[in-house]
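Chain IDs A, B, C and D follow the sequence of writing; residue 1 opens each chain.
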């Protein structure tokens, strides 16, 4: 089980939000306790007892009480509002200068482009396009800018940061940091069509050196993976890929951008954001894409289009698309 | 309220002398405010149409003129200043307030520029 | 409902439109409706202002608007407001004939306004501004068109009143109707003042 | 003038043509109850789908349609009409009026609501219901294939028009139709809060009208407001929707607050504590309700200044709401609290609603909202306030006013079973959803994956929903088995306000003589300070009442037909519909209708019957 819960924050932004949640929760519990105590007392003390027919005194009100229960909530709310306003500004500050240090921080800028129903991650400084898995270096400020290609989506990694929306026509920004290596679960939280619930992704935090290595390999993947040796099964698979898939999927330099970049597909933990990675699932996915993600922009491939042999070759090729090690 | 008052019967009779006087005065006020409005509109028109006036001045100026003119419409033409119109005033000004908020939000809070 | 007995009032009520409970209800209810209409037009104007930069390759405000035409339209509508005021003053005087006369003037002026507006749309259309040309185009036509639809409705409404009551004389029943129709007409004018300023003047000037 | 309406009409025609606020109220209640059951059924189907991870009871598409229709139905077609039912029936009685200000428009409002609701639901049979959520965010909604969203746009437009008309009607009724002595500050709190809710309707619905108009023009006539490539902007829709949408939730809760004020005061046998503070708080809530809409849009990218302002403004609403909560508690304090079913719901409301309210304040913390937004935490929040507030209010009001409205009393034992099962089921369903949200479950998901720790709570939640269903069925049973229970229906609870002075069933003209009001809680005042009878403010004489008319029905029917013309862009149908509507409006304005008089003899006969009966 990956890091998914906002209740188990794994980075400074999620921490900040968690402490606001905790602070507000304490205040709310205080309010609830006060209300419940009065409530229970009143119900027990003033309930009608058998045979009681007295007419209670018709009280009009009480100025002092009114003032008390107006001021105390105001104070409680101020206790909440002040830190909230400060944090709201902190979170919105996506410039990379920290005020104390007055020097540029280590940072990585990632453009997150949402599609029905997958995620594209561009690293403009590294000239990389990746899909589904977002690799980030630990202990580095990650500056995210968010866009959408079609409808509105929302980018949420509960354990690292809250969410911001991917709005068509508008660029939003956010930032976070991940001190610990690990894989963090991300989700789309804005209704975006029938497969909205499957629009998951992963944030993979690795140490900065590993990240640099990854970025380098992504930019220039090894020829052996992308162009398997003539005569191997994978080379046949590449042919199928070049025929049917390249118009939408890129491997290395070339290929379309309608679907996720598959340069490092062999290193995915899941297929299409959620299916456990194994050959059987991969075949199912390619055969019945529209069953697995209704409304996705990729057709299902029947036997006529890709027969079993070609399929096996294709899968072999896809499995080999690796850039690490 | 006398419930047998027949509302479909034509109203006979003249207004009281006092009302007559009032109406005469009112007709004058109305005419005057009409010409004032014509003048205001023309001023707004000129301040945009002529190149002599810098737009930094013209824009707030015409917005002000529009506000003045609307107030005239409401209080003179539409008699919103009469007695027993407090509910009318409450509702119209609340409507204006919400309309202004709406316009402001749709101009500034649509994500293009962040505030 | 046989006898149309004249009501035994020596003097005309000062405000026949508010002399009955029904009249007062109508008066208040109609004002509230106008309060709602304020928000309605606020939403449309806001939408227009939010989108007026969205002209893409199509023509924009400065390419299109003829201020002089719109100025004349504004004058016409202002004048029609005055004629409707005169109508009400004559209603208060008990002069039903003149009420009808001034109201007819209002209708004529309103129709002229509408004619100009249609001509204006026609011009813009031929200058390359279709309803779907750009977000600016859609929001412009929607805002000004909604106002135009209000004008049209006002014309039909007042005409109906004129035809219906051409012979009856002033009654406690129709006085509120004339009064609300005139309120409506003024309101259309108020809205136009904003449209004139915010759409046309600002469209050229800012 | 004719004194009676000619001929005896069939029962159906009587209901189709009625302009009596009481009959219209009953029709609103019936229509609202039907849609409540429908919306509840949709909820149950969703909950079954979410009972197990990766369950395939429903397709994702059907789920999206159900969730959209559930939200839309519950808000527009169930909760609001049910409240309108009570408002229609009770407000004129509470202010000592014979009728509402605009009986004709009142009927029109009802028929527009009903036809709009039917229109929306016809989408199920016409190729699929709307599927973009009740908030219908563009461009998902503007590009959604099929006609579902077209039904959404037109159905809501038609029924929204009805609501707006109803709102104006209530406003004028309250201002102009009060009995002598009933100053604004002597008005019962249900009337007050309904009055403020009507103000919110007046100013909130036009924004929705424009939003829907734009969406319709975009879908059907190729407008480009929301098309980015044409220079459009998608956030405009969200503002228009929420400028309407946020006040809408207070339109729902304020009348419910009013119901609780009546019920708690009646069953504590005490005057409401801090009456003027209650009125003032209601007004403030109404006002602030318009200043906070963007708290639904914290993550959309307005910028930190906007977020901070809207966050603080939102939190401020806790203060006047708190004032109300504490005033209710102090109303109970020192009282003699009777645990009738009506009061159980009112008492159940206090803790339940406060729990929902405080999570609302948590949501208003903008920086934390980045975590909460669009998760089940939000779903939990709003069901706590809506069910714990609005629905409890409706049930409380139903048990409270049932004898007056329907002439028989609901069974109390069944009522208590209903209450407890519903209360427990409700908390079971929604309490765990707070955790689901924070544990990473977004809202509007057709299912969830099995290895993410969300299984148990979802299962519990569904069990709670089943419990609510059982409770609801007990209510239905109660309604049928109690029909014979007709004793003591005139003033069964020792009521405080004017509605309890009328005979049951309430005569067409409500009050033979308009009462003279001498204090807040007018009836209670006469009972305990006077001789137990209202003073009359006028002599007994003929009573003028409006005539029945079929025109409201026909106007609405015309719009219903015209809507199909829009949806399928079929111009003949469109014109037929519009001609029917405008024709009927024309008839209405040309054919004068001055109502009729009920002769004083008949009123005297009624009065005698009442004394002997």
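The criterion applied here is as follows: contacts are C-beta pairs under 8 Å (C-beta built on N, C-alpha and C of every residue); 3 or more make two chains touch, one makes a residue touch a chain.
In UniProt terms, the chains line up like this: A = Cytochrome c oxidase subunit 2; B = Cytochrome c oxidase, subunit IV; C = Cytochrome c oxidase polypeptide III; D = Cytochrome c oxidase subunit 1.
Since the structure is predicted, the reported quantities are computational estimates derived from the model, not experimental observations.
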{"item": "B-C or C-D, whichever has more C-beta pairs in contact", "value": "B-C"}
{"item": "Intercentroid distance (Cα basis), chain C paired with chain B, Å", "value": "13"}
{"item": "For chain A paired with chain C, centre-to-centre distance based on mean C-alpha positions, whole Å", "value": "52"}
{"item": "Cα-centroid distance, chain C relative to chain D, in whole angstrom", "value": "33"}
{"item": "Centre-of-Cα separation between chain D and chain A, whole angstrom", "value": "37"}
{"item": "For chain D, residues contacting two or more additional chains", "value": "1, 175, 202-203, 207, 232-233, 235-236, 239-240, 243, 300-301, 303-304, 592, 594"}
{"item": "Where chain A touches two or more other chains at once, by residue number", "value": "92, 167, 170, 172"}
{"item": "For chain C, residues that touch 2 or more chains besides their own", "value": "1, 21, 28, 32, 35-37, 39, 43, 46-47, 50, 173"}
{"item": "Pairwise chain contacts, counting only pairs that touch as defined", "value": "A-B, A-D, B-C, B-D, C-D"}
{"item": "Residues of chain C that touch chain B when the two form their complex", "value": "1, 4-7, 9-14, 16, 20-22, 28, 31-32, 34-39, 41-43, 45-47, 49-50, 67, 71, 74-75, 78-79, 81-82, 85-86, 89, 92-94, 168-173, 175, 183, 186-187, 189-190, 193-194, 196-198, 201-202, 204-206"}
{"item": "Interface residues, chain B side, partner chain C - complex", "value": "1, 5-16, 19-20, 23, 26-27, 30-31, 34, 37-38, 41-42, 44-45, 47-49, 55, 58-59, 62-63, 65-66, 69-70, 73-74, 77-78, 87-88, 91-92, 94-96, 98-100, 102-107, 110"}
{"item": "Contact footprint of chain D on chain C as seen in their complex", "value": "1, 21, 24-25, 28-29, 32-33, 35-37, 39-40, 43-44, 46-47, 50-51, 53-56, 131-139, 142, 146, 160-161, 164, 173, 177"}
{"item": "Contact footprint of chain A on chain D as seen in their complex", "value": "59-61, 64, 131-133, 137, 139-140, 143, 228, 232-235, 268-271, 273-277, 299-301, 303-304, 307-308, 311-312, 315-316, 318-319, 322-323, 325-327, 329-330, 332-339, 347, 350-351, 354-355, 358-359, 361-362, 365-371, 373-375, 438-440, 442-449, 451-453, 528"}
{"item": "Chain A to chain B touching residues, read off their complex", "value": "92, 167, 170, 172"}
